[in-house]
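As structure tokens, here come the structures.
Two complexes are shown next, each including chain A; its partner changes from chain B in the first to chain C in the second.
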Partner chain A sequence: MSSERDPIRRLIHAFSRLPGIGEKTATRLTFFVLEAEEEVARDLASALAEVREQVRLCSVCCNLTQEDPCRFCADPRRQDDVVCVVESVPGLLAIERTGEFRGRYHVLHGVLAPLDGIGPEQLRITELLRRLDGTVRELIVATNPSVEGEATALYLNKLAAPFGVRTTRIASGVPIGSDLEYADQVTLTRALEGRREI
Partner chain B sequence: MSSERDPIRRLIHAFSRLPGIGEKTATRLTFFVLEAEEEVARDLASALAEVREQVRLCSVCCNLTQEDPCRFCADPRRQDDVVCVVESVPGLLAIERTGEFRGRYHVLHGVLAPLDGIGPEQLRITELLRRLDGTVRELIVATNPSVEGEATALYLNKLAAPFGVRTTRIASGVPIGSDLEYADQVTLTRALEGRREI
Partner chain C sequence: MHLTRLLIRDFRNLAAVDLTPHARFNVLAGDNGQGKTNLLEALYWLATLRPLRAARLRELVRWGADGTSVSARVRADGLEHRLEVRVSDGDRAALREGKSARAAEYFGALAVVVFTPEDVGLVGASPQARRGFLDRAVFNTRPVHLGDVNDYRRALDSRNTLLRQGASAAVVEAYETTLAGAGGRVMRSRASYVERFAPVFASAFRGIVGDDIEAEVRYRPSVEDPSTLATLWASDRERDRQRGFTQQGPHADDLELKLLGRSARAYASQGQRRALVLALKIAEIRVLTETAGLTPVLLLDDVSSELDAVRNERLFEFLHGFPGQVFITTTDAAWLRLERDVRTFSVAAGQVIPAAGSD
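Up next is the complex of A and B:
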């Protein structure tokens, strides 16, 4: 209790709840904030307050957004017949950065992980099914290439089939610029399985 | 300007001003905060606000503290005749964790770095000299073993001499548990120079 009332220890504790930030980094950040210009702490505090106040889920695709619908759903130049399904907003932004995809998105906010108690009802799957009203012809499942990501892709494939929607999965294989020598077995196996005519 | 008005981009920017946090980590932290329970953001925001409000410099030793004087200066069981001079509060806490030092502290809040425009007047040196009123007999200079830390130690030695105060420097050498094979030349040279009778 007494350590919680010490503002320095409170801030160290609050920083160390963030992912990838242990006690040592949290301590370093705390003393940085204390020694830095006052606006560093003030800007971070106000940005934290505002982000939770102003950012909500897009009512169409469940992207995090200030405007509803979000800019991807509101853009009239994007195709309506193909929806790219991602685990998270950073995944969406990664796809968008390729500049190759001009369809719509849907953010699940996670993947199926029964061992962690995450079933379909914890994800934004109902919202996805609601969108399969005849316009959508293809779901590109771009969940991560993990066990959970694959299982989620299979599950969505089953759900989407009765709607006459084609479900595709992004390719797995050796990343461009990498060295085969250092690729893991599973990735190489996938690369072989997914081989194509040149 | 328009990117600054987007609360997500604002938070990414605020996080990326912290040391060791680049754009990618800042983005990951931002989406974590958005997906986590609301109290994670609220606790961090309030801890940031409070730390700058409630924490000030100890008027004796310049430690960061909620109470003035700080707990090290207020503790009647500590020796008054020896003062350990450190660069920063984390340095003070590191010395304190050894459990070996029972004197007082003084925090400089930096070291002399003329190339970065940091001279004596940017450090808490006036406050240190004010403490040399006859009680203090030894200054242990525990600045980091860097060029700037050494230069600061030499400078403090010159300043303290007229007060009849002994200035000592913490030892440099090979760290316990390390391997000589991987020690750098400067450290090994220091270890040789600082050799002692067994």
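Up next is the complex of A and C:
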């Protein structure tokens, strides 16, 4: 039997294409699936198939959703004048977990990364600008504090300015609830630079 | 700080090394190509998480092995730390006290200063080599500098890529602003380091050659004022686009050396150049010990044969007064001026063993 037809090797290969999973883990997962109750494999297979069939981009904020518009865009209790811009859906969920933010979201699906060949056209920026129709007064840019995340925030600031929209950037600094002595040097240095009057 | 134990597995030609180093002098003796420099490189990698010579992690792994590991017990301020850096599955992991640590959490337990034969050519070398020296020195007193230099490099490569692609002005400008932020941090760290370093260097140089010749070191930034970087790049944009790269900025900075007010690069004799380099290294170590309160581990890679007899004597005078741990490789022990507190290891075909009669 050729290796492409061998189902065990096919599954190992499929798992090893997932991020963070090497050959060894892929092998372990494969044998786990083979040795577990049959329903584990069936659930996994149907969940994988359905996630691709049923999940799409929200036509407003580009969040991944089963219903369009997504639950954040459909919720009438949320504020329309503030939009939090995130790189990815996990970023959105992280902000949402705080329970503090009651505005709308926008998912860029990446950041400007010239070294990876990602420009504005690859991001959901046109969709964002379309939303700046007068209701939105503030964009909170919550991209990562990386070189690419910073550049993307500056770029959005530039684009949003003509619409009379205020652009803000989330602060970076010492994590709350952790002792200062455990904060790493980069974080502490940035926190010192970003200090403010009290 | 000093290493009390060093373990190396599958690093370049070193299959398995287990050393109990002396707290002062450790001599690695052997012919060329046996693995002496590889051992220093392993130590350098352990301390800085950066390879000294290799461009790729793969090159660090012994041929035929699937990974490599360097670990040590380091004694500092009465505490013992465990550090380990390894490559497995092509990924690098750094561990402090056995737990995986991000770079920013990892640094601080071990500082090293390396002195290689390439350093001896520093005076006549390219600005890039002197910037490398400066950034390594800054890094030891200020580990966040490494992150700033990496961010700057990334943003610079991004701007160059955008210019070549003919990207829109708004995108280029966003990257220029980011670049100016990182560039400003890099410049300020370099400038404030050289401010502390310059007087120490001048006095180290006098200690080597006497009072008749004055030596001076200065930070020569490509752009004087970091707050003008963004506007400067904006006005250079069209020319940089035609060139295909960013001409001015911290990536074109230099460390200028002068003798009696004249450029050492153009006018210094061979002997003076060696004295300058020795003074640079001594000053780098003194700044660490005196102003940062850190006693680094010194890694000397067979520099004696590159220095002349007089400069070599000065080097050993300095080493005798230096309180910390020293690793020194040599092909010819006749250059060494060490009588006490020495442990000698022989290095042959990737095997490192205590030399007979050592201690």
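The rule we apply is simple: the second predicted complex is superposed on the first by the 186 of 198 C-alpha atoms of A that agree within 3 Å, B and C clash if a C-alpha of one lies under 4 Å from a C-alpha of the other, contacts with A are read in each partner's own complex, and residues count from 1 in each chain.
Assume contacts are C-beta pairs under 8 Å (C-beta built on N, C-alpha and C of every residue); 3 or more make two chains touch, one makes a residue touch a chain.
Only a predicted model underlies this, so the values are computations on that prediction, with no experimental measurement involved.
Of the two partner chains, chain C is the only one touched by A:L159; chain B is not.
In the superposed model, A:A94 lies in contact with neither chain B nor chain C. Looking at the shared chain after the overlay, A:V55 reaches chain B, while chain C stays out of its contact range. Using the contact criterion defined above for the overlaid structures, shared-chain residue A:R28 touches chain B, although it does not reach chain C. When the two complexes are overlaid on their common chain A, residue A:L64 makes contact with chain B while staying clear of chain C. In the superposition on chain A, A:T187 makes contact with chain C only, not with chain B. Put chain B and chain C next to each other and count what each touches on chain A; the higher total goes to B.
In the overlay built on the shared chain, the residue A:P120 is in contact with chain C alone; chain B does not reach it.
When the two complexes are laid over each other on chain A, chain A has no residue in contact with both chain B and chain C. Of all residues in chain C, those touching chain A in their complex are 89, 102, 104-105, 107-108, 143-144, 147, 151, 154-155, 157-159, 161-162, 165, 167-168, 170-171, 173-175, 177-178, 181-182. In the complex of the two chains, the chain A residues touching chain C come out as 22, 24, 112-115, 119-120, 147-148, 150-152, 154-155, 158-159, 184-187, 189.
Taken in their complex, chain B has these residues touching chain A: 6-8, 10-11, 13-15, 17-20, 25, 27-35, 38, 40-55, 64, 66, 88-90, 109.
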